[in-house]
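Look for chain A in each of the two complexes below; its partner is chain B in the first and chain C in the second.
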Partner chain A sequence: MPDTLTRFGSNSGQPTTRRDGIAKVTGQATFAADNHPEGMLHAVYVPAGIARGRVAHLEVEAARAHPGVTHVITPGNRPDLPGDPDAKPTRFSFRIEVLQDDTVRYAGQPIALVLAETLEAATEGARLLAPRYEAEPPRTGLDDNAPFAVEEPGFGAPGDTVHGDPEAGHAAAATSIDATYDTPPQYHNAMESHAVVAQWDGDRLTLDTPSQALAMSCAAYAHLFGIEAADITLRSPYLGGGFGSKAIPNGPMVLAILAAREAGRPVKLSLTRRQMFGPVGHRGATRQRLRLGCDADGRLTVIDHETLAATSTFETFLESASNASQGLYASSAIRSAHQGVRLDVGTPGPMRAPGEASGSAALECAMDELAQAAGIDPLEFRLRNYAETEPGTGKPYSSKALRECYARGAEAFGWADRPARPGTMRSTDGKLVGWGMGTAFFPSPMFAAEARATLRADGSATLETGGADMGQGAWTALAQIAADGIGLPLDRVELRSGLSTLPDGGVAGGSGHTATAGGALHSAGGDVVRQLSELASGQPDSPLFGAGNATFEARGGRLQIAGDDGRGDAFADILARAGLSELTGSGSASRPDADSRDYAMNSHGAVFAEVAVDPDLGQIRVRRLVGAFAAGRIVNPRLAESQLMGGMIWGLSFALHEAAVHDPRSGRILNADLAEYRVPVNADVQGLEVITVEEDDPHVNALGIKGVGEIGITGTVGAIANAVWHATGTRVRRFPIGLADLLAAE
Partner chain B sequence: MSFQITLTLNGTAREIALDDTRVTLLDLLRERLEMPGTKKGCDRGQCGACTVLVDGRRINSCLTLAATLDGAEVTTIEGLARGDALHPVQQAFIDNDGLQCGYCTPGQIMSAVGLIAEGTAGDDPERIREGMSGNICRCAAYHGITLAVRQAARQMDNDPKGDAA
Partner chain C sequence: MKPFDFVQPRSARDAVAQWGPDAAYLGGGTNLVDLMKTGALQPARVIDVTRLPGLDRIEVAADGAVRIGALVRNADLARDADFAVRAPMVAEALLAGASGQLRNAATLGGNLMQHTRCPYFMEPDAACNRRAPGTGCDAIGGAWDNAAILGHAPSCIATNPSDLCVPLAALDAVVEVEGPDGARDIALEELHRLPGDAPERETTLAPGELIVALRLPAEAAAFAGHARYLKVRERTSYAFALVSAAAAMRLEGGRIAEARLALGAVAAKPWRARTAEKMLAGQPPGPDLFARAAEAALAGAAPAEGNGWKIDLARRTAARALAAAAAGTPERMPALPASPFSLSEDLSHA
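Up next, the complex of A and B:
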């Protein structure tokens, strides 16, 4: 423990309540669309009502004539956009649709934009445009177009990877399964829809818009509008959920900013819920074939995972689902491969655990099927195939307390009492009860971030980085880390974040934000402490005079010699002696290449589910969901539990609820609203339990943080699907699993 | 067409001039009265983000035309705390981490206040979950929300006049 204390200080690890809690429970927290600058116009765009073809006619005059309407922007009169919308100005970029021409590439694509003095007038103006189309047959299902080979599924993920000899693995198997799983298109549907309030002042641009990547977004906007990134002020203090959809600028935001420049007035655009199904990303559909084999002892001889995944006709990003089979289970051979299919849909994008969620769903079901075929308990089967080093590469794990997750989760759940045969458990009210489990697995990446720390004469400090709080608790967790870095109590530290003019806080994605932005803040604080040490050891009046070679420790606003509580000096006194009113430090964080070369770094977990199925109606309820997770250092247990539970409920949603359904004739999404695109409500959630298993990881990053934002989905989907099988004896291989699937199987 | 309605908004009588019959209570609050605490999640009665109290009952303000509210008493999230003293439901949401991004939170809290006043759920988690199911939370803070409503219900039951606030 002493080591851990030195590394982390005492603010981290505390279950502090949210620092933004009061603002959020009183309605004072300002989300993008809450802004209302003087003279603002409202923008509403027309979403394409077909999925493929062209816009033949718009009733522009009718829209223009509507009282209050000021501008109608169509491909015919769209103001010039200096930057190429097909270019890739940043590491994470997509081609966007900004009224380049009259082509329709997916339903919901913006085809015109109306500005008006009021929201009501803009909405009516957009309606009056009454588009007519020349439609071509849409392709929206995985079988509607020919597959193509994928070299890179998106953002650097590998396309095909082979370790060992899969054919030999198949041949050596004593027991095999060959199963195909379907996952549907899913839409992020953050409760706050995408929104922007854009204000131009000459070539200077101010944006209120939710962003998971402030600096990167500014770079993209700068490219598109032909201005300097430094001339953009992007304010994103709170995001009403992001889940991956708010990292990369999209067409509607760009159009609204362009319209504001044209109008010479501020413009607000806030997407309707229906418009959230199209131009702002989604999790693309997959079909995954898993062929698994094991020997007579239940040891995997092969994991062969092939994914067919949807992308749009004009951009390539697809669920790299097969990669979920790399890195988790020991097997003599592992092959993961991807093919894509181009459909008339909006471009898919990263959605909470992109690739991993879909891949884990299929892999964990397949593992269950093979365990059953081999006559081995599913948990025991996973333990027999426990990887001590990363399969294929042989790299050591930076840390891996998965075995303990299995043990603690199973214990809390009561897994030992599970009957092997399905369909044997009944509840007192006559429901079929089933138990299932799955392994949770998610990489622990880092991005790059910078931060600044300013210590003042009164012993308080301000720490700054352009980070993003989308609900994960950055305002709180980053402040805890910042306080530790500079050696102050939390209430002496002000955190400034969510603003693009601050040092680059990196990307809030990949579950890496706390480690990355937190690492930068911690190091900025450390820079101040280093300067304090230099000052103090040179001040004859300081108790630390001449101690320049000692190791210093900063805690509670005091600088001390490590291991010698008696010898120390207050920050305020050091500054006063030096005649300084403040002291500024800077810091940064990213992962050295050597670390990723030498270690496999992942979070792990085990999820156990109990479902009850109505034997007559097929209705499925999740009654208990227990997850045990090992994710390195937990900065704030209260918030981490909320993140993990949120992820598990996303897993529940994947397993039983959400799917976008396309009308095969029009290509439109039939259920593009929150009544019919089903996400869990409160009544769907009961019996949740989260256990966190401690890990002290010296390699993953300086703070030992792995991240908890996404792992909760993985493992959970499979656990629930496997529990449904265990309750009913019916194996459903299509998500979400519904009562129709169970009734059809009878 | 211009017309006028009278509202009691968070305890204050307001005369409101309107030039458009299409304005919903939600858009009136957000876009015309500079009270953006009430949130829009769907604009069609499917998510509960816009929940406010009208004459003490919880309603979806996105489905309510402002013009129909002449004489009504409207309470929004901005009108719940008394100065710096939070309403017990607000405090309970913080204590139990019944929020993540906070976007659904104003609606959840107003819905919880309405539910507790209805008196049908008490502190029974199953009934609270059912009674709160008109409010979607995509962050899925449901576990904390249920605990928060239970804590507040118990506290307000002991202290029905809300003096604890």
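Up next, the complex of A and C:
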């Protein structure tokens, strides 16, 4: 059998513009809520107006009497759900609230659902239900309930990890800091709110709903509705952002699907912006205590990172923030520990860099504080504690170009000119100016995916996998990889994705989608190339006849002897000689256990920030952000830089803006809209520079791809907080940092 | 949302005639419609006044007074070159408000009538004396720290969020209204009410009275050379003020002949600081004077719900706005209107 070379390069690596860009800017891209099947009903649910207690009364008759209302579903008449919504059949399952009973566990929880012929009628029907409650005092702050021990803070994340002897590390420290940082509850605010259009045909179900994990979602819906996953068609061609909130089915979506079955008509549910704050996940609040020590040479003797993190009263997911201290800096002792607090809030879930974002925020501030205490430049301090192998385990890194990231970022930023003392830099217009930095760090996981490739007689191909484009550019990057895998120019390749009936494209999460789904597509293309090689080497009329022992490579629709451009054969000719109208290949990708065992695999980066602070008014503005990242092979520089920029802007958001505020009486979120739940606007983002540092990783996966989706947040939060300190001399340990913090400090 | 009658009168007289219990006038809809969606406001009748003829003009009288129709869009007023020359801090305040999209929709009359951003007012399930008289005030003992620091009462600690009204109050603008009992003028400063024991009466308009125009007196243009609006907030754009200040002065022979100062987001109405204005008159401009005037402007301020930082911030903002006004109005509108991050930079080019 001929050998084929894995080629990667003629399509990948190009800054191709988004293949779906024109469809999106011209409104032709169909998002879930754009679907209006014949006979469709509109669903609107009533969100609980209290955070803890029970629903005492609903004006069901008033709602039912409203013209256009067809169904009012409450815990009293909710149709049976074959699967138990309280069960957790897989480790990615969450208990969901689908009108099991009249208990209210958080503000915004669905307590009834109304179906009507129009959205307006359904909305008014929901309002007419006018719930009355028996309320109990809500617990919404970290001090409002007793902590409990946590075994698994996130998906598969360890609760407590100790390497070395932390007590000895504390004792050996020449310089120490002990600081506590608070991070607030934050809510994903994808531009596209969660939506579903559900249509039943007997026991067959068609769903238009945005999904970051099509196959996994179908399995979960199949369990809940007592049908086969194969009987579900989930269409998710485009997502208007996901950020982790669209990976796992939630209560409102399940209720709408159940209502469609009950009504015998298609049903649409589209969440309002306010409804996005509650049942569809968030990043829970944390309080993190970091005790760090270093010796007289500035080498860490201990990193001791304790996290107290919020979760709901009925689930366990929380920010595994302390784990951010594992795996980054060399230290003779590292301890990560977590405790949970049960609050009357919706269940937190994975939100872009879950655990890593809040953990990095605290760790990078603590590193800055210790560097300052030890009298060492923050960048030099990090270099002195550079880990050559994974701390604790001693595993080699599959690749780690962090040193280059530090160097390239510092050079571009001009870090060498930073004065050590805070409060010494001024802009020409009298603002206090400060510089800060942080290390970016994110694991490079890989999931499992499958793909199919079909080469046609005309030399064009279709490659298929049920992947997810959340706006990050999967339609483009995956097509580039697919084209390379099958050796065709990009314009000869059709990518089919975003559909559950295609081979399982895995999960678009953990920054692992490009590597996973891309790996499967590349492998499927490779399967076709292998078959072509076998055919051609056995075809007497082929220039490749008899070359069975040679190594082949596929490029530009031709199969060639590797290293010999002169000897080759066109795909179309090989198929024609064989009398084939098409040739199909299949592929898959996952990470061999041995690789995970033998190597530590992470993306790395260094982020530098310059802030200006008004000396009288305390208003803060980020003037410059420079981020240098090493994330393995970059498939599409335009899209990768865009993702990294998006992450850095999110970091800015975390540092200075985002926080959900609970009303202490009702437990409701007071700022559940985009006017008052602040995220940065264009005017908040001035200089923004992304540098990608080349990194060749032979171990992380066959394609050498790490991930760029989440790492941009890490490092950036700390860099900005550290810059605020450097500008003002005031260390704020509570996020988001606001002008009142700086006024109060004077 | 709750079903409602929708009418589109073609004259102001007809609009007023359509008024009834639970009616609301609709301008650009950027505030009323949001509140109807959440259920905070549930008018039984919505009277769309955007088709009333003749109210979309900016007219300059022979004496230099400017009359602005109530339907002029915020964006159009802000970008009217002649108006910006006469009242630069009004244009700056307009451009500091909301977003480009909202300014394109929002009308002058609607802006004057916009409701507080107190989250307890906007949440129909919360107790709010302003929205539902007699229910109490959940903001007291709540978690909103951008509440009033001046003129608040045990009944209500809401603020008026308008940027536009702040310089208008400083410049003695006059509101023209038509109502069931005919037409009358109201000084803008008298349009909004402090809560007292009737916070539900947000303005001094009688039921059915409709704002048809706003007049800026001829004297306002005398301040055009030294007039600034300054708005402080956590986000650089698209956020309501934590505190804002409109400061203007006439300088004669190195002294302040006359000064105007008003503060925004500190009370249920734009807060004209007349005591401070008197202190400034006749004095040479300078930081000490501005600090004392700012101190006087905040005399009587009291924190509500732990927002004492706002008092300090308001003093600093007032002093900075006065200094900026003294330095002179910039030739061109700053890239970031009213922001502390363009104030000084642009002044250096002025």
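Basically, the second predicted complex is superposed on the first by the 736 of 746 C-alpha atoms of A that agree within 3 Å, B and C clash if a C-alpha of one lies under 4 Å from a C-alpha of the other, contacts with A are read in each partner's own complex, and residues count from 1 in each chain.
As a working rule, contacts are C-beta pairs under 8 Å (C-beta built on N, C-alpha and C of every residue); 3 or more make two chains touch, one makes a residue touch a chain.
As the structure is a computational prediction, the values presented were derived from the model and not from experiment.
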item: Which of chain B and chain C A:R678 touches, first, second, both or neither; value: second
item: First, second, both or neither for A:A744, with chain B first and chain C second; value: second
item: First, second, both or neither for A:D663, with chain B first and chain C second; value: second
item: Partner chain(s) touched by A:T26 [first = chain B, second = chain C, both, neither]; value: first
item: Chain B versus chain C as contact partner of A:Q531, first or second or both or neither; value: neither
item: Contacts of A:T103 with chain B and chain C, given as first, second, both or neither; value: neither
item: If touched residues of chain A are counted for chain B and for chain C, the larger one; value: B
item: Which of chain B and chain C A:S460 touches, first, second, both or neither; value: neither
item: Which of chain B and chain C A:A612 touches, first, second, both or neither; value: second
item: Chain B versus chain C as contact partner of A:R127, first or second or both or neither; value: second
item: Set of chain A residues, in rising order, touched by both chain B and chain C; value: 120, 124, 272, 675, 680-683
item: Chain C contact footprint on chain A (complex, rising order); value: 49, 120, 123-124, 127, 272, 274, 428-431, 612, 614, 616-621, 656-657, 661-666, 668, 670-671, 675-676, 678, 680-684, 736, 738-740, 743-744
item: Interface residues, chain C side, partner chain A - complex; value: 1-3, 37-39, 99, 117, 119-120, 123, 125-126, 138, 141-145, 232-240, 242, 309, 312-313, 316-317, 319-320, 336, 340-341, 343-345, 348
item: Contact footprint of chain B on chain A as seen in their complex; value: 17-18, 20-31, 33-34, 36, 42, 118-121, 124, 189-193, 238-243, 270, 272-273, 469-473, 638-639, 641-643, 645-646, 649-650, 653, 673-675, 679-683, 685-686, 688
item: Touching residues (chain side chain B, partner chain A) in the complex; value: 20, 22-23, 27, 30-31, 34, 36-44, 46-47, 49, 76-78, 80-81, 86, 90-91, 93-95, 97, 99-106, 109, 125-126, 128-130, 132-146
